[in-house]
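One chain, chain A, links the two complexes that follow: it is found with chain B in the first and with chain C in the second.
So, the complex of A and B:
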């Protein structure tokens, strides 16, 4: 009886931590095949990629804590990247009447408003009409994609990619924060850390954060306890929208261009990172540290596969399987607790 | 008193067939699957992931495509992580080849010594003679 119990415990441990085990094995394999993978340049590359995806993951984590989701995230990132690239450029294609690029704070404010408004719309539809977040954000995703395509056709651009960003903007985002040897750490790593700190305070030290977890755990109990459930849902989605906008603002400089496909499938990475990091679809559960770990581990996987020159098309299949495994493990944890 | 309120609210929602769509926990709680079956599904998925990774590792290489923008076309080539494209150039009547770039407008230039870290498409940049 005791042997059976031990076997069950080991199986539980292995399956509940299957993702971490797979990642650890992959890291060991890549490190053996390509020792440069553990070099300073590679590690800083992974940290930089993690930092670029973190604001988005932090935003979407809030939606998952509410036991929902947001599949319009990638498109919101794309729209804001395109807006940023069109206003902080030296080549005036979208707005040919522009004589100078917009001031950076103004563009940041514009994208925050755009992202926030879209998030508010999502939250409003979910809260007021009791529509499933998947349906609402699926619709929003398509609407935003249409807006992006129309926006990119404006002026003399005709759907081409936007590039030629101002040096000031590029330096602000991708300029060196500090150097480790000859490898430079970009500034957006620092910005990502600031957002992590901000979100940690919001999640753990504000009434809004506590309400978010309460609504995610048990909507009825939260309502009875005096939480304004609808307002909380709208605020979570609005905050998420603003985080996606910041991701788009950073991405336009990081990638060096923006086009209609910018942000494509970003939400799948963010959602899988959150689930890997312990933000459960059941709702009411999640930690900022979990989100960071999830994003980092996912970037380690993709960087490792990149180092091994694995075809990018195959990586889509890998991503899909990772999401399925992470969700199945999440479901398993819920069922075993029950 | 709050317990009474909670009980009352839960009684009210008990009879309803429309559960809150926001809450996935209702979907999870309706799952009629044993943990054992779920374990098997997880193992199958992990096996699938391992198979895909093995296939990926046996078919390695990034594709570098060339858009010669009016010049003599070049077939895509396969390169490994960290390799360079070497001395690949193209020609076009009335123009001199300048360099490769990551965008059609040639604002993001690509050096022949730059390391390949992903599948990319390079655009030829020309100077009129």
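So, the complex of A and C:
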């Protein structure tokens, strides 16, 4: 009797932490097969990749806290990466009349506005028409994709990838924050940390943050309790849009070019990261620390698979399975135990 | 009574991690009797029933049905053996019609074809309805019917399985008195045909009226089984709580002051609430009575700005207020405890602190940012003042009992410093001890000069704590009575005025 009970407890523990166990096993396996996986260069690489994905995941996490989602995120990143690449460049393909690159702060402001406005539009549709965010962002991602394609055809660009960004901009993003041995830690790692801090304050220290969790947990109760539900939803999506814009702004320099497929499928990585990190689709739960852990673990998995030279096509299958498993494990916690 | 024993549960024990939910409990139900099962929330009534239906697996003990030992896999298994349950919260396919719900999982088929026979379904449904004297069209969509009728369908379904044991879990918690009468007639007819009824309820007067025997549980233990004819309400309460409650209602000490709230010709856009006018005074407990669907809830929702107003004016202290939405109403000093705690009250996954402070967040700002210390002080104040039982402020509210959840939501509203409290069924689904505490709180608030408006389906409750009672009927105000000099008959007569 007693033994049986313990067995059940252990099984529960294993299942609830299955994702972490799988990842730990993977790390051990990769480290044995390819010892360089745990070398400085590899670790810095994982940290840098994590940093590059963090702002976006932090944005999308808010949408998931609302018991929603945002599948337009990757396209918003892409659009803003293209805008950034076209304005902070020395080859004026999109805007042939430009005589000099735009000042960096102006471009930053532009992308923040573009991202924010698209987010606001998403949020407006969700709040005002009471549509599920999935439907709204499914539509807007198509619209944004169309806009990206049109934008890339402007001037003399003819849809080509944009590159030749200014040194000043590239330095600002990818220049060394500091070096560990010969390995460079890029500046955007520091920026990501700043955004983590900012989002932590917003989530935990503002009425808006508390309202966001309340709306995600029970919309009707939030309304009755005096929360401005529509405004909260619109603000969450606007904030998310701005975070995607920043991701795009960083990504153009990080990758060194931008084209119509920049940001493709980014949202699926960001969503899986959130779910792995405990930002539940049930709504109303999640922590900033969870988002960080989620993004980090996901990058560890990808890096591990890369080290093992796993076929890139296979990685898609792995990603899909990760989302499924993570969601299933998460749901276990919210099912009524019988 | 020499009726044969239908169901016997012996030495039932069930543990959950850290709690012994049931400890050597027994229950014997005889054919042709109504057996009441009583106990405070958390006493183990529901757990015992879940063990019967195989929803939980009992750790120890045996269950005998007609002398044969049974161990049901799940509620479907139980149903097929003639043991049915009418749940407190109805699990029905609301978008489907009555007969679809009745025959779900066992649709009658056409003679030779593998298709569902709508004709048979209709006829069989009508047969059961006629038998039970239920007046419902089998083709009505469930969501278009009031809760009471949906419950009737659930009962009919149980009967259609030829159930010998039927469990009613708080069947009257959302019914009005007329509907309760109908329910009792049905229960009595089931008893007369030899069924064993297990009746779970918190309402003493109902228990004494309808039941033949009563089994009392406390803290997961079996306390006693008594003949209902030879037991009084006070004795039951004593057995249930293990202490004596001298009054069911606390003494009224509030004094009525000057006029605080005036509502003039209030009509709703999307419900039948029309032309309601009344005044409320400082320090008053104002009751709102009426049948289900009489517009009681709609009245509160319209005042608080949850529902759309068509016309009418609201004055607080002589000044007109619009109360367009809850935010504005809260600013104007209103607070509203909604009827459906789970659907519109609690933030289930959030903790006690988040649930307590959500409506008053601005109070805890320090240079624009929320101050953790202020948040936890406010929450603790609520826990201490209302004696909320919770392991900590960080406990998710969904893991608390109904009464404690209600206290947290009351805390949420008290923290907004309201002057007018609108309470819709404040004691629904709450055990006796917690109910008394809620009554004390209502009177305490009135003593502080606040106006407390209480909607309730339980007339003794209104008579026990209110000063005046407004009676709603068919969306209109049918009358106003003085709680001290009225009778339940007078209120019922008014409630039926515009039906």
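Operating definition for what follows: the second predicted complex is superposed on the first by the 335 of 338 C-alpha atoms of A that agree within 3 Å, B and C clash if a C-alpha of one lies under 4 Å from a C-alpha of the other, contacts with A are read in each partner's own complex, and residues count from 1 in each chain.
The rule is short, and it goes like this: a residue touches a chain if its C-beta (ideal position, glycine included) is under 8 Å from a C-beta of that chain, and two chains touch if they have at least 3 such contacts.
What you see is a predicted model; the values in this text were computed from it and never measured.
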Touched partner set for A:175, first chain B, second chain C, both or neither: neither
Touched partner set for A:278, first chain B, second chain C, both or neither: neither
Touching partner for A:222 - first (chain B), second (chain C), both, neither: second
First, second, both or neither for A:206, with chain B first and chain C second: second
Partner chain(s) touched by A:164 [first = chain B, second = chain C, both, neither]: first
Which of chain B and chain C A:214 touches, first, second, both or neither: second
Partner chain in contact with A:68 - chain B first, chain C second, else both or neither: first
Partner contacting more residues of chain A (chain B vs chain C): B
Residues of chain A contacting chain B in one complex and chain C in the other: 220-221, 223-225, 282-283, 334, 338
Sites on chain A touched by chain C in the complex: 201, 204-207, 209-211, 213-214, 217-218, 220-228, 280, 282-285, 334, 338
Chain C - residues contacting chain A, complex: 55-56, 304, 306, 325-327, 329-330, 336, 338, 343-350, 354, 357-359, 361-362, 365, 368-370, 412, 416
Chain A residues within the chain B interface of the complex: 11, 15, 18, 22, 26, 34, 36, 66-68, 91, 126, 130-133, 160-161, 163-164, 219-221, 223-225, 233, 256-257, 281-283, 305-312, 314-315, 317-318, 321-322, 324-325, 328-329, 331-332, 334-336, 338
Residue ranges of chain B in contact with chain A within the complex: 2, 5-6, 9-10, 13, 20-25, 28-29, 31, 33, 35, 38-39, 41-43, 45-46, 48-49, 52-53, 55-57, 59-63, 79-82, 102-105, 107-108, 117-119
